[in-house]
Every structure is written in C-alpha cells, then in structure tokens.
Amino acid sequence: MATFLIPILILCPLAASLITFVSAGRMDARGIGMVACAGVGISAVISIILSVMLLSGPVTGVLQVTLWPWMHMPGFSADIAFMLDRVSMLMILVVTVVGLLIHIYAASYMYHDPGIARFFACMTLFVAAMLVLVLASDLLCLFIGWEGVGLCSYLLIGFWYDDPANTVAARKAFYMTRMGDVALLCGLLLLVTATGGSLRIGTVLAAVANGQLAPSGINMAALFILVAALAKSAQIPFQTWLPDAMAGPTPTSALIHAATMVTAGVYLIARLHDLFAMAVPVMALTAVLGALTLLMGACTALVQSDLKRILAWSTISQLGYMFLALGCGVWQAALFHLMTHAFFKALLFLTAGAIIMRAHHEQDIFRLGGLRHTMPGLTAAFVAGASSLAGLPLVTAGFYSKEMILSGVWSAHFNLTHGWTLSGPPLWGMALLGAFLTALYIFRCVFIVFCGKAGTGAAGRTSRLMSIPLGCLCILSLCGGVIEMPDTLLPLHLFSGLLDPTAVLSHTHQPAWLVMAGAGAPLAGLGVAWVLWGRSSPVMREIPGQAPVICPVRTGRGMDALYHYAFVQPFCLLAWLTRLDILNHAVTGTGLLIQTASARIFRARADFLGRLAIQATRMIRWAGHLLGLLHNGRVRWYAAWIAGGLCAGLAMAVLS
Amino acid sequence: MHALALLAASVTVVGAIMVITRRVAVHAVLYLVVTLLALAAVLVMQGASFAAMLEIIIYAGAIMVLFVFVIMMLNLGQTDSTREKEWLRPRAWLGPGILATIVCAELLYCRRPLSGPAPALAPITAHDVGLSLFGRYVLMVELVSFLLLAGLVSAFYIGRNRMGRH
Amino acid sequence: MPAFSFNDTLLLATALFSVGLAGILVRRNMVFMLMSLDIMLNAAALVFVGAGARWHDATGQVMFLLILALAAVETAVGLALIVCLHAHGRPTLDADTGNLLKG
Amino acid sequence: MNPLPALVLLPLMGGVLAWVAGRMRAPINPSTSWWVVLATLSVETLILGMVTFAHRAHAGPWLEHFSMPWIPAMGIAVRLDMDGLSLSLIWLSLILCFLCVFLATRQVTAHAGAFHFLFLATLAGIIGTFLATDLFVFFFFWELMLVPMFVLIAAWGHEDRQRAAMKFFMFTQGSGLLMLLSILGLVMAHDRLTGVLTFDIFTLAQTPLSPALSMLLMLGFFTAFAVKLPVVPVHVWLPDAHTQAPTAASVLLAGILLKTGGYGMIRFNVMLFPDAASRFAPIAMGLGVAGILYGAWLSCAQDDVKRLIAYSSISHMGFVLLGIFSGSAMGMQGAIMQMLAHGLGTAALFVIAGAIQDRLHTRDMNRIGGLWAAMPRLSGMGLFFAVASLGMPGLGNFTGEFLVLLATWHVSPATATLAAIGLVPAAIYALRMVNRIFLAAPRAGLPSLEDFPVRHMAVLGCIMTFLIVLGLYPQPFRTFSVPSPLSVTASQEDHTP
C-alpha cells in the first residue's frame, strides 16, 4: 500500500504540473486552478492516510520504497528511493496541507493573470520537488528535489518577467542557492567517498556512528551541508536573496517562505542531526550564525516600510531561530517551530497579499492605514498571524515552539577545541532579545497598517476562495502549538513524542523564570510597539529615514551592496573584459606575431635573401630556357631526341 | 653470299645514301626508285617474290609516281637547289652523322649471330601469304582498310581545302 | 646455303635504317624527309621479310604488306600536306619554320 | 551479411543520391533531396536497430566485427568493430541527424542537394570514426568528416564564415597531422619490435613500449583529440565555427563531432596507452578543470546566443576530459553519459538558436528580447534545455557530471571541488540566456513570429524524453555503453564463439 501511495503522492502534483503546462492557452483559468488544487489536494489526502498508517505502526517504523536503481556501479550505488519516517511525515503534512491552502488561495488570487497556467505549473512542480526532497531516502535523490525547488523558485520569483528587476531577483535567488548546492554536492561527494559508495541516509548515519569517517571528515561534510542549508534558508551570509524574492506573486512568497524552499535547509540538518551531533564546531557555528541572523533579520524588519519585505525579513529571523535550535541540538524544537512558522507565515503572507490586492497594489505600510475599518476580517487574520509570530503567550502556536527553542538553547553547551567553550545562556539572551524585537516590528506593522488614519482606499471584497484558507490557517496558527508545552506549564510532549518517542525532551531542571522571561519578552515588545506606534498620538510615526545607519538597513541593501561591489561587479567586469576570449586572442595574436616577425626578418635580410632569390630566379630561368629549347617545335629536333633516346636505351641494354 | 646478293645490297645502301645527299628532288626520287628496285631484288633472293612484286608495283611504281607528281606541282627550280646546297653544309652533317653512326653501331653490336643450322630456303608463295592474310590476320586487313580510308579522306580533305581557297 | 642469311639481312636493314635516320635529321626540306622516312620503313619491312624467310613463316610478308599500306598512307597524307603548305606561302618547305603553332 | 560497412557506406550513397536529386534540372519537388536524406537515415536506423537488437552469436564484449584487406603490403585493412560505446554514439549521431533533418536542413534552399550530400558525408565520416579499429582507416575517416564540415561552414555559414571555417580547418587538420605522426610512430615501433607491419589496434595495443616513447605517441593522439574535444588552450576554433556554421552544421559539430574527440580519448589514449595516460592524468585533469571554469566563465560574458552555447560546450567537455582521465571506470562512464547528454541537450539548444535566427535574423541577445509571449513552445523548450545544460539533477547532464565528480573526488577532492564550482557559472550563463531571450519583456517592434509547429515539438519532445531518461534511469545506457577492452579482440571471438 505504502509503496504504491508514496509515488502517487509525488506524482499527483507532478501530473498537475504537466497538465497545466501543456494545456496553456487551451484551458480556462478556473480549470487550471482546479487541476492544480486537485493535484495538491490528492497528495494532501494521501499524506494524511500515510501519516495514519505510519502512526498506527510500530514506533520506529519506517515506510521504505525503492522505485528503481538510479546509478549502480562498482564503488557507487544510488536509487530513486523514498522513505517515510516521522520527520518526513511531518514535512509532507506541512508541505501538502499548507501548500493546498496556498493553492486554493492562489486559484482566486491569480484568476485574472494571463500566465496562470505557467504559474500553476511551477507551483505544483514546486510542491512535487519539495515532496521529493523530504521523502528521499537517498541523499542524491534528495538533491533532485533540492535543485528542483531552486529552479521552481527561480521561475516563480521571475514570474512577471516583463520587469527586469523581477528576473534579476529571480536569478539572484538561484545563484545564491546554487552556491549552496555546489557545497552540498561536495558534501555528498565527501560522504559517498567515506561511506564506500552509498548515499542512503541510513547508511551514511550508520557510517558516521561507526566511526568510518574521520572527525575532520565529519566536520568538513557537516560544514559543506551547513553551507548548503544556509544558502537555501537564506541565513547569514546568504540572506540577501530572500527579500528580493518578494518580486514574485504573493502566493509564491507564501509557498517559498512557509512550506517549501527555505525550510529545506532546516529539514536537511534535522534529517542529518546525527552527523551534526558529531561535529561540535559546526554545531556551534550553526547556532551562532542562527542567533546572528535572527537578530539581524529582526533589526532590519524593524525599519522596513514595505509590508512584504517586513514579512520576508521576519522569515529570515524566524529561520535564524530554527538554526539556533539546530545548532543547539534540539532539532525537534526546530521542526516544531518550522511547522508553526509555516502556519503563521503562510497566514501572514496570504493576508498581506489580500490586503495589497484590495489596496490597489500598495505595499508601503505608511500609505496604508486604518484598514481595520474597511477590512475587519483580514485585520483579524493578520493580527492572529502577527501574534503567533510574536509568540504571545498561551494563545498562539508560536509561543510554544519558541519556548521550546529557548529552553533548548539555555541548556546547550559546546566544547570547542583548545579549551574554548560556548554555553547556552548568551545565545539564549540573543534569542530573547530577538523575541522582543519580533513582537516590536510585527506590531509596529500591525498598528501602522490597521490603526491610525485611513490611507489608500480599499476596494472590493476578499473572495470566499481566498478567505477559506485564511480561516484554516488562522486556526492552525493559533491552536497548532498546544501539542507541545513547556514542563513548567504542563508536561505535554505530543510533538517530540511523535518525532522520536525514545528521546522526549524534558527540561525539568530549568528554572521557571525562563518560561516567564520567554513569555514576557513578546508582551514587552507589544507594549513598546503600542507606545511608539499604536496610540492615537504616536510617539514616532516613522523612524527618520535619512539617518545614515538606518538608510542602508532599510533598503536591506547593506550586504547586497557589499556583495555587489565585492563579487558581482568584479565578476561582471572581468567577464566583460575577457568576453572575447583572451586565449583566442593569444593564439590569433601569436599567428599575427609570427607573420609580422617573418616579414621583419625578411626585410632585414633583404640584401642577402634578395640576392639569393635573384640568383635562384636566374638559375631557374636559365634551366627553364634550357628545357624550353627542347620544345622548340622543330620536327627534326624531336626526331633527334627520339634517336638520342634510342641510343641511350640501347646503350643501357647493351651495357647492362 | 652470292655476288649478286652483294651487288643488290650495296646498290641499296649506296642508293639510299644518294637519296639523302641529293640537292635536286627529282634526282633523289630516281635514286630512291633504284634503291627500292635493288631492295626488291634482295627480297627475291630471300624467297619472298610476292613481297618483291609488291615492292616494285606499289612502292617503286605507285608511291614514287606520287612523289614525282608532287615535285612537279611544286615547281622546284634553281633557287631551291641552291638553298638546298646552303642547308647541306658539312657542319649540318656532323650531329646527325654521329647520331646515326652511334645508332648503327649499337644495332650492329646488339645483333647476335644466330647459331644453329639455317633451314633450307623455301619460297613463301603468294598462296601462303594469302591464306595467312585472310585467315589469322583478317581483322588486321580490315584495320588496314580503315587506315587507308582515313588516309584517303584526309588527303582528299587537305587537297580539297586548297582548291576551295583558290 | 641461302643467298641471304638472316644476319646479312639484319646488317643491311641496320645500314638502311641508319641512313634513313641521318637523312631525317639532316634534311630540312620536307620532301627529302619523307623520302628518308620511306627508307627507314623499308628497312623495317626488310627485317620482317628476312625473319619470315628464316623461320619460314608467312607472317613476315603479312607484316610487309601492312607496312606497305602504312607507307602509302603516310606518303599520301604527307605529300598532300606539303602541297598544301607550299600553296599557303611556305615555298621553302622548311620543316624548321613550322614551330610557331600557327597555321 | 555484415552490417558495419553498410552503416558507413549508406550515408555516402544516400548523399550522392541526394546530390543527384538536387541537381536534377526540373525537380519534381524542391525538397526531393530532403526526402532522400530522410529515407537514408531511416534505413540507417533500421540497420542499426537490427544490430542493436539482433541475437549475438558470441558472448564477448564486441558486438560486431568486419575485416577486409585493403593494402595488405602495409598491413592496412578495413577493420570495423562495434562495441557498446560506438553503438551508443552512433545512435546519438542518428538521433541528432534526425533532429537536424526535421528542424534545420529543410530551410536550406540554396544548393540543397550539395548541402545534404555534405551533411551525409560528414555523418559517414563520423560513423566510420566510431567504428574503425584500424588506425589507418580511423585516420581516413577522421579526415573524411573534416572536409565536408569545412565546406558546410564555408559555404552555408553566416557573415564571417570564411575565417571561421579556415580556423576550424587549420586547427583540426594540424592536430590531425600530429596524430598521423603518432600513428606512424606506433606502427613503426611495433614493426621494429615484432617485425609485423600492421595498423590493427588490437595488435598494436600489445606493443611493449618504453615509457618515454609511449608518452610521446600518446601526446600526439591527445593533441588531435584535445583539439576536437576541445580542451582549453586549443578550443579557439570552436566558438567561431559553432557561431558561423549553419544550424545543421552547428548541431553536428556540437552534438557529434566533439564526441569523436572524447571517443578517441577513451579508445586511443586511455586504452591504447594505459600507462602513459595514467602518468599524464594529472595534467589532463587540470586541463579539464580549466576548461570547465574557463568555458563557463566566458559563456557568462557572451551576447551572441550561439557563442554562449559554444562556450558552454567547452565547459561541459571539460567534464568529459576530467572523467576520462580520472582513471576509474566510474569516471569513464560519467564521461560517456556526459557526452550523450551534452550531445542531445546542446544540439537542441543550437536548433532553437537557429530557429530564432531564422525568424529574427539576429543572434544578439540584446536585440532578441522576450519571446515567451510570442513563442511559448519554443521558449518552453529553450528553458528546458537551458536548465538541462546547467546540470539540473534528474536530467542527463547531471548524471554525467556527478559520476565524473565522484570519480575525481576519489583522486583529488580539491580538483573535484574546483570542477563543482564550475556549476555556479553554469547557472549564470544558462539563466542569463533564459532571461535575455525567453523570459523577458518583448522587444518593441517584434515581427509576428511563427511558433514551433507540433511536429517540431514532437521531435524536440523525444530529445527531452531521452534527456529525462538519461537523468533518471541511466542504468541501461550505462551498462550498454561500456567501452570494450582492447585486450579482447573481436576477431578472436569470431574464431572461438
């Protein structure tokens, strides 16, 4: 049954993608939307069935299916093989369910776009690639999904290709993640060499556990994979592509941020957590980079004025949380946060998309305002998502997942080499600061957009097809977190029990004030935001735009500019300089040089060579004259030659 | 060797030499006739009387008459004979003479005396020749007829062309 | 004992041939060249007939006949040419003047 | 009846027929010669299919063998042998010829008969090259495919064709002469050692050579193949030739002619001189990596579509070189997979570029503008093959590249990393092309364009399918295209079936 269902799970969106692509121009928008939603919907149903099957089985049960051998040869073997364990079960649920909601929303959102067929082809392909990624039991098979996700993101970000800025953003996203892909490829090569020819995740992890890999090898492999994950998940130093990825249609953003693409990096590290656990320095690096990213993302989001950009930077920041959790070894927390983040970020994006659509494509939060009167439903949805993102205690899903991460970070401890150690509390402090900032920036956005004076007028209604997914996501992002609670509140560990029943996280030894602090920080942020922006006479409507510190951060172009001048410009310049192929010129030039040189030499030696040449010519002319004498046309001479030849011939015959 | 044979052979050679040394064309033709007649005698002595007859009739008769006619048409006179004399200075003889002598010497040197008894001279009659000619060599005869025809046509063409001009 | 042994025939033919050759080489008048050519042809024919007599074979005389025909044709065409040339402004009949590849 | 000589001779005869058909005074149909070519190719495919699926009499690695003395005094014989490698490459050639015939050569109207004759003559030379196992015959075919191609470029090419054709000719001919020297050297060395004068590679492979001599001889072969492949310092002819050649010739050049270089390296470098090749491997791998990076780099900076594709070929062929000299069967198979995939993908890209040029009369990407709105089918195909060219997993190129990288990693991780970095510029050039030509704002004043008709799409769809199958299920191709070792001769098998 499972061997049958897992391929179907992937094939459904793939088939939907093919159908929509081929039927471009022949099917109306409604039909295309239905096909796409049906494709993703069927796989959502299948994934639920599969989850039930998996959960009803034994605790460590894994559904394996090997479709066909991909590359088998001495020293290497790879299969197109899939595996459903509890981690991937969680992922397929997130991908298909959130993906389905986004598709339903998009069917309405993109209804009038002429390129809807291309759009849905890419979207469903995106889901299919992500499913391949999360289900693959072979790392090389995973790589198919990994690259496929990148390709689809490229196509979707550059969906409105008429504007060159969009295609630039799309290419940027692809190039950035491509660097990570190369790193992943190198990591895979390293692993396959070390494990002796297999990239099965089980085999790889067993090899790591058996000590087949040298510690340096493990570190290198983990580093390579970390770089790949950083690039895919837009962490420092690869964060610049994600804000630009807003160029695509809003459902695309929702899909990229919530369900697919950026979560791939988190998933990969969570999948290989045993490998990372052996590489302590890499873990520390992961944690530090995650903490830095979360702070940086939050700070940048604080000064943005574009609604979607705020959300984009908040995604980077939230992914920083997940990387922090991964670095601290609490990968269950990371996955938990991944799930809740998927809910509330999809909600936020879809709501933002609906708002922007009704507000005449106005994205600047300062031109919006007072929307709570004109669109109360969207306001409620956005506030629900915002509070979940901020992690308002008890009532939101985000609180529980963030709490799980914070408690995990507190108890983390890294033994680096040479007596250097890194312990959890500083990281915890950063995370807490991040939580405060998160609440601050998202409620800044909420207050500016929904309270205050009315800005751009709103028009139309949100269609029912769009509001149903929003409602579902509202419920999920508010209540989706109660399955895992801090011990201080209630010893409920459904989620971590679900993932790995043998190792339920428990942090009983932690003081209770940790939870209080984690709950307090968002509230403080909310309060400050209210003071600053929410009251009827706001303290500070807008952060001064001209401040030299703020300006580059606002545009999010700080790192961008750095990369631009450090890498892109030199590359372009060098490429432009060498566009005519220097080697070509070298070879052609050598030919010219030889030609010139020989001409020079000839001229220099003209007297000598000339005389020689004249002599030679004279001799040749003389010889020619001599030969010409033979052909004087006189019959008697010819006869004489014949006779002479006869003489000579006879003489030879005689004398021989 | 019979004295007659010796005589015929020497007449042949001397006649030939006279042919190539004469200044007046008609004299040369007459010497050539003499040479050919002597040659016919040689042929008779070799038992080839049929060939000898042909030699006399066709060569000495027909072809030589052709020569005579042409010489008559050319209307050669005193100027021609002086010009011939001018052309036939001793210096002009040097090269060809040496060359011809060398060829002759070499041919003679190559000539290997045949050993073994010579068979009795039995004449080859016209009958034998005819049998052979229209037996084994009938194709050759046809080819010769073509050749003759071609010669006829070309000679006629050249001559007619001249007549057309004038 | 035959009147003419084959060796003697060859001797005579060689002498005739050489004389004919010398004639061709030395004379500039084309009429004389033709006559010399005839002498050479006769020398060749003589060898054939001699060989036929020596081995008692009629083929020698057949070849003589062929040479005769050849000589007749050659003479006819050659004389026609001579007449033609003479009429076309080459009254000296000098063979050496015909080397310009022009009519 | 042995099919091998028929395989070689059939295109030649078909070419002559096509020429005659094109020369007919009042042709019944202007495209008669095109039909002749199509028929020839069909028959050729039939024969090849028979060879492929025929029941084999013996179990050895060589599928077919043909031998006929040519110049016995010098030990030259028309020896043709077929193993999996040559069979798969011939299949590739035929598929690409069909692609050309359906999509490109029908547009040729000037002297169509002569064009088709030269086209098929090139094909005959290529097939002969893939089959010949006598060094002299190999050299003969090697030169045979060169001359018609030269004429094709020089006569039917684009604006700067004379120079490009001359460059192509000079480079390939010059290197071919080096190979001839090597061939003669090898034969003479064998003659001196054993007293047997032969050009048979099975015999010559057993020649015990001194290391210095074998290195020298191998370098001679290597130079010729390196020019054809091309390897970076001697790639100079390639961009010009590809750019200036007519579409069909570009496809042949990129799709198959380059593969003869790779084929030659496998059969006549690595298999004929294993020791010298392994000693030379570090340099060759260095050249391969240089080719990957350099080709990709330059490809990023081109404005001319065909030139861009040409440089990307250099980059891909760097992987082939790397794989061949990685010294393991895995790398060799990766190189073969890469050759097949590159042949299909790049040929399709050239066809698309040619179609664009036919419609817009320019190759300058700045002047083409976005075509998606006007020609969605063509653009979709272009997108697919561009993505294949950047090494998307699941498509053929990735399979080859991964195996090559893996084999290289065993030898030297640093080299493999450098080669893998070449995949980043690959993405840059491929997507740059996509975003300049296909997914971009349509240029103002674009004439009304005719999209690919359905039958063209069907042909390209076949190529697409091949690429996907190569990418996802390469196993049969992989086992099928293994080159046979030279130590087992085909004729021996015939004697002991």
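As written, the chains take the letters A, B, C and D, and residue 1 is the first residue of each chain.
Following the convention adopted for this analysis, a contact is a pair of C-beta atoms (placed from the backbone, for glycine too) under 8 Å apart; a residue touches a chain by one contact, two chains touch by 3 or more.
Here the structure is a predicted model, which means the values were calculated and not measured.
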| item | value |
| --- | --- |
| Pair sharing more residue contacts (C-beta pairs) when A-D is set against A-C | A-D |
| Whole-Å separation of chain centres (CA-atom averages), chain A against chain D | 35 |
| Rounded Å distance, chain A centre to chain C centre (Cα mean) | 105 |
| Rounded Å distance, chain B centre to chain C centre (Cα mean) | 5 |
| Rounded Å distance between chain A and chain B, as computed from the means of their C-alpha atoms | 110 |
| Touching two or more other chains - residues of chain A | 640, 643 |
| Per-residue multi-chain contacts in chain B, two or more chains | 95-96, 99-100, 103, 107 |
| Touching pairs among all chains present in the structure | A-B, A-C, A-D, B-C |
| Of chain A, residues touching chain B in the complex | 640, 643-644, 646-647, 650-651, 653-654 |
| Contact set on chain D toward chain A in their complex | 232-233, 235-236, 239, 294, 297-298, 300-303, 311, 328-330, 333, 370, 372, 376, 380, 387, 392-394, 399, 402-403, 405-406, 409-410, 413, 416-417, 420-421, 423-424, 427-428, 431-432, 435, 439-441, 472-475, 478 |
| Of all residues in chain B, those that touch chain C in their complex | 1-2, 4-5, 9, 12-13, 16-17, 19-20, 22, 25, 28-29, 32, 35-36, 39, 42-43, 45-48, 50-51, 54-55, 58-59, 62-63, 66-67, 70-71, 73-74, 80, 83-84, 87-88, 92-93, 95-97, 99-101, 103-104, 107-108, 111, 113-114, 118-122, 124, 128-129, 131-133, 136-137, 140, 144, 147-148, 150-152, 154-155, 158-159, 161-162, 165-166 |
| Residues on chain C engaged by chain A in the complex (per definition of touch) | 21, 24-25, 28, 33, 95-96, 98-101 |
| Touching residues on chain B, where the partner in the complex is chain A | 95-96, 99-100, 102-103, 106-107, 109-110 |
